[in-house]
Amino acid sequence: MQVGFIGLGRMGAGMAANLLLAGHEVTVYNRSPAKAQALVAKGAHAGEQVADACRGAAVVTMLADDLALESVVRGEKGLIRALGRGGLHVCMATISVALSERLAALHAEAGQRFVAAPVFGRPDAAAAGKLFILAAGAPEAVEACRPLFASLGQRTFTVGDRPPMANLIKLSGNFLLAAVIEALGEAMALVGKAGLDRHQYLEILTSTLFGAPVYNTYGGLIAGGRYQPAGFAAPLGLKDMRLALAAAEDLRVPMPLASLLRDRFLALIAQGGENLDWSAIGQLAARDAGLTDLPG
Amino acid sequence: MQVGFIGLGRMGAGMAANLLLAGHEVTVYNRSPAKAQALVAKGAHAGEQVADACRGAAVVTMLADDLALESVVRGEKGLIRALGRGGLHVCMATISVALSERLAALHAEAGQRFVAAPVFGRPDAAAAGKLFILAAGAPEAVEACRPLFASLGQRTFTVGDRPPMANLIKLSGNFLLAAVIEALGEAMALVGKAGLDRHQYLEILTSTLFGAPVYNTYGGLIAGGRYQPAGFAAPLGLKDMRLALAAAEDLRVPMPLASLLRDRFLALIAQGGENLDWSAIGQLAARDAGLTDLPG
Amino acid sequence: MQVGFIGLGRMGAGMAANLLLAGHEVTVYNRSPAKAQALVAKGAHAGEQVADACRGAAVVTMLADDLALESVVRGEKGLIRALGRGGLHVCMATISVALSERLAALHAEAGQRFVAAPVFGRPDAAAAGKLFILAAGAPEAVEACRPLFASLGQRTFTVGDRPPMANLIKLSGNFLLAAVIEALGEAMALVGKAGLDRHQYLEILTSTLFGAPVYNTYGGLIAGGRYQPAGFAAPLGLKDMRLALAAAEDLRVPMPLASLLRDRFLALIAQGGENLDWSAIGQLAARDAGLTDLPG
Amino acid sequence: MQVGFIGLGRMGAGMAANLLLAGHEVTVYNRSPAKAQALVAKGAHAGEQVADACRGAAVVTMLADDLALESVVRGEKGLIRALGRGGLHVCMATISVALSERLAALHAEAGQRFVAAPVFGRPDAAAAGKLFILAAGAPEAVEACRPLFASLGQRTFTVGDRPPMANLIKLSGNFLLAAVIEALGEAMALVGKAGLDRHQYLEILTSTLFGAPVYNTYGGLIAGGRYQPAGFAAPLGLKDMRLALAAAEDLRVPMPLASLLRDRFLALIAQGGENLDWSAIGQLAARDAGLTDLPG
C-alpha cells in the first residue's frame, strides 16, 4: 500500500519501519526532519510538508498529543485540506475522546474517512510489530486499513463504527494499568515497612493470584525502584488520566480511583519526577509512609 | 498425622475432607455440631469440645474472624489450656495481624508452637486441595506442618518466622483483589455509559494486557451483574479492608486506595448488598453514574 | 462614569441596576435582548451589538463561562476589536485562570487594560450591592474601576497586578465553600443515621465552633433537604471544581479534597440533580449510607 | 458538691481547678500522683486510689483515651466496683461511641448512672471555664451534673438520654474541624504556589465568607507554619478520626472525607510529625506540591 506516516517519535519510528519492512511504500513526515533520515535509509520517501504524506491510500498519524495532532490536521497546509475527497486518516495515537469526535465530524464534512486505531504496547512492542490495535470507524474504512494493521500489530480488535469509542477503550486501559501500579505501590509500602522483602513478596503475588505480565513488569519496577529510563514517562501518565477523567466528566461518570491516580501523577511530577517512568507513582505510598531509603 | 480441625465453614469443611482423603486421622470440632456429621461419615472423629481436637500432633483452626478464634482459644476450656507443652496450633483463617501477634506471644508463653498459614483460594479451591498457603512461624514448626499443607494446597510459600507476616501478606492480597474489582467497576461504568458492550470490552482487556484469571473472573461477574450466590460475601470484604487498614495504621502507612475500597464496601452493605458477592462493589461506580439498569 | 455592561444573567442584572442607581451612564448588551428591557426601563441604553457597550470609560463583562466570554471577546465584532487603544475591560465573572491569562495578554497586545474582578456573593448580594470584589490588574486600571466597585460591592480587595490571581482566589473560595458542604453532608449522614435531629445538631455546631454564616446557610439547606430553587446550580459547582483543578494541575498542586468534590458534583448531576442547588452534594453521603428518606 | 475527679492531664487539671474555684469539694486522683499536688495546693483532697474519688455525689473522668478509661473503670479496684448503687459517673473525655455504649450498659447493670459529657475547647478554654459541654444521659442524671457543668463551661447542650450520642457529636465536631484544616491546607498550597502571600489570602477569606474563628485560628497556623507547641497533638487527631470512622462503620456510613483525613494524619505522623499540632496536616498539600520552603 502507498501510505503516509506523520509523527516519528518513539512509537511512530518503529511502526513506520515495520510498514516499510512489510513492503508498503511509505512517505514519512515529521516536524523535526532529523528523525525521518533513519527511515529514508530504510526506503521511505521524505515528505517536506504534511501534504506530501497525504497522497497515498491512507495517512497514519502517531503524534504526541491533541495539540500536536490539531496543528497538523487544521489550517491551510493541514491534513484535512491536503487529503482529497475519499481520503483516509488513521489516527493511532492516544488522543482525547473529544478530539476524536471533532475529527470524525471534520473528516465527514470533507467527504473523507476517519479511523481511530490507538494501540496497547510500549515502544519495544511497536518496533517488534506486536502491538494490539483497537480500531473503530466505518467498516469499509477499517477494512481498508487491514494490510497496515497486519504489519503493525499482533491482533486488531474492531470496536464499532464510532471512532471515539476506540480512544475511550485505550484511555480506560491506561487507567487500569495505573490502578495496578497504585495498588502494588500501596501493598509494597505496607509489607515493606513491616520488614518483608519486596521481591519475595512480588514472587508470591505473581505465583498465585496475579500471574499477569503487568504485575510482573510493574511490580518488578516498584520492588527494585527502577524508574529510569522511562518506558512511558510520568507526564504521559498524567495526560492520560486527564483525558480519561475528561471523557468521564463528559459522560457524567465519577471515577474516584482515576481521581486518586491523577493526584498521584501530579504529586510525582511536582516533586521532581518529570523524567521518571510512570510506574514511579508506585513509590509515593512508601514515601508518604516515611520510608526514606527509597531507591530511584 | 493425627490432627484436630476446628471450624467447619465453607472453607474448613473442604479442607478437613482433604485431610481425611490424604489419610490423616482427624478429630473435627465445630460450635454447631451438625456441620461435623458429613465429615464423620468420611471417617473423622467428632470432638465434643475444643479439647478433643487438641490431642494430636497439631490443631488447625479455620474460623470466621478474630472474635470466633479468640473465643475458641482463650478461657478455661480454650485451645491454649487444652494444648499441652510443645503443642502446635496452625491458624489458617484470615485474622488480624494484631491477633496473630498476640497468639504468637500467648503460645510462646505456654511453651507451644504457633504457625500462621492463611490461604489464597475460594471454597472450590479448598475442596479441590488447590489452595495457595502462606506459612510463617518457627522453621521447625512450619516443617512439621508439611504433610498437612501437602494435602490442602497446591503450593506453600514460607514467609519467615514471624507468624503475623503471613497474615499481613494475606490481607494485602485481598486488598489487591478488591483494587482490581474497583478499577474494573469504574472502567466498565465509563465504557458502559458510552454505549460499549461490557462483555466485548472485557474480552479485549483479557486478550491483551490483563490476561490474569482475576480479571477474567471479576470482570465477568461485573459485566454480567452476577453477584449472587456470593463466593465471598461483601461483609467479609469489609472485614478484610478493615484489617488491612488497621495493620497499615499500626505501621503508619497511609493507603488511600484501601480507604476508598473500605468506603465502597460500607456503601454496598448500607444499600442492601449484605448478601452479595464482594465483587458487587464493582457496580457502585455505575450506580453513581446514574446507570439504573444495573443487573444484580 | 460612562460604562458598558455585557451579560445580564442572575448576577449581572442586579449589578447593572446598581450601576444605574449610582448614577452611572450604562449601555447594556445581552445576547438575548429581552433581558435588557428591564434595565432600559431603569435608564440604561440598549446596545445592539457588543461594540455599543465598548464606547465608555470601561466595559464590564459578567458572562456565564469561558465559552460565552470568548465568543464575546474575540472575532471581527468582538470586544477587543471594538475597544480602542487604552480601553478598559473589567471581567467580573468566574472564569478560568488560563482564560484570564490569555485575555491579559490579548488586551496588552492591543494596548488595552484588563482587570479581573470576580466576586463573592449570591444574586441577592449582587442585587443589594453587597458583593465582595477581588480585583487584580495594573494599579492605575484598578484605580479607574473604583467608582464602579463602590456601586457594586461592600468591599474591594486588591490582590496584585496579575489578573489571573484574582480568578484563582475566587475559585479557591468556591472550593472552600464546597468543602464545607461536603463535610457537613458527611457529618449529618453520620449523626442522622444514629438518630439525632439534624436541625438540633446544626444548632449545636453554629452555637459553638462553627459560627460562620456559611455553616448556618449550607447546614440549614442540608438539614432541611431544601435544594430548590437553586441559588447556585450544581453544574456551576462542577464547573468551578473543574476550573480549580485545572489551575491546580497547571501549577502542579494535587488537591485530593477538590478531586472528591468534583466526583460528588458529577454523581449529583448524573443522578438527576442538574437543577438542584450545589449544596445538594451534601445529601450524597446520606444516600450512600442507605438513608432513603432523603428530602429534596 | 462533693465530687471526685480522675485524670489530670492538660484538660483535666484546668477543669478540676475550676471546680475548686467554684467551691466544690474535690477529691482528685491521677495515675502519676505528681500532677495532683498543684490541685491539692488549691484545696483538693488527694485520692490514693480510684475508690477515693468515688465517694461523692459524682465522679468525673477526663482520661486520655479508651484504654486509660477502661483500666480505671474495670476490675477489682475499678470505678464501677467502687461506686455504690445510685452512683454517678460523668465521663467528659473524647472516647469511642462503642465504649460509651458499653459503659452505659455496665453502669446500668450496677444500678448506677452514667452521663457522657464531652467538651469542645482547648486547654485554655478548660482553664478559663469556657468549655462547651455536650451532655447525654438520663434527664435526672444530667440535671444532677448542672452545678458541675456551670463551673466548667460557658454553655451546656443536652442531646438526649443516650450517652453515646454526645460522644458521636463530639467526634463529628473534630472531623469538621479537621476538614477545615485540610481544605485550608489545599487552598493555601494552590494560591501559595501561584505566588500569593498566604497571610493576605487568609485575610481575604476571613473578611468575606469565612469569618468563623476556626478559619482564623487554623488559617493562621498554616499560613505561618507554626505547628509547635502543639495545642492538640497530631496523634490525638489520628485517634479522633479513627473513632469517627469506627462509629461510622458501625452505622454503615461511608465518609470519604474522613478517610482522607485519617490518611493525612497517618502521613504526618509517619513523616516525623508526631509532636506537631494536628493542624500540621495543613502543610501536606504544599509538600505534595513540591513546595520545599515549608516553615515548621
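Just so it is clear, A, B, C and D label the chains in written order, and each chain counts residues from 1 on its own.
The criterion applied here is as follows: a residue touches a chain if its C-beta (ideal position, glycine included) is under 8 Å from a C-beta of that chain, and two chains touch if they have at least 3 such contacts.
Keep in mind the model is a prediction, meaning the values are calculated, not measured.
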item: Topological distance between chain B and chain C, in contact steps; value: 1
item: Farthest chain (mean CA position) relative to chain A; value: D
item: Turning angle required so that chain C lies on chain D, C-alpha fit (0 to 180°, nearest 5); value: 180
item: Centroid distance [mean C-alpha coordinates] between chain B and chain A, Å; value: 38
item: Cα-centroid distance, chain A relative to chain C, in whole angstrom; value: 38
item: For chain A paired with chain D, centre-to-centre distance based on mean C-alpha positions, whole Å; value: 52
item: Where chain B touches two or more other chains, by residue; value: 248, 252-256, 260, 263, 266-267, 270, 288-290
item: List of chain B residues in touch with chain A within their complex; value: 120, 132, 134, 155, 157, 159-160, 165, 168-169, 172-173, 175-177, 179-180, 182-184, 186-187, 189-191, 193-196, 200-201, 204-205, 207-215, 244, 247-248, 251-258, 260, 285, 288-290
item: Residues of chain A defined as touching chain D within the complex; value: 256, 263, 266-267, 270-272, 288-290
item: Chain C - residues contacting chain A, complex; value: 238, 242, 248-249, 252-256, 259-260, 262-264, 266-267, 269-270
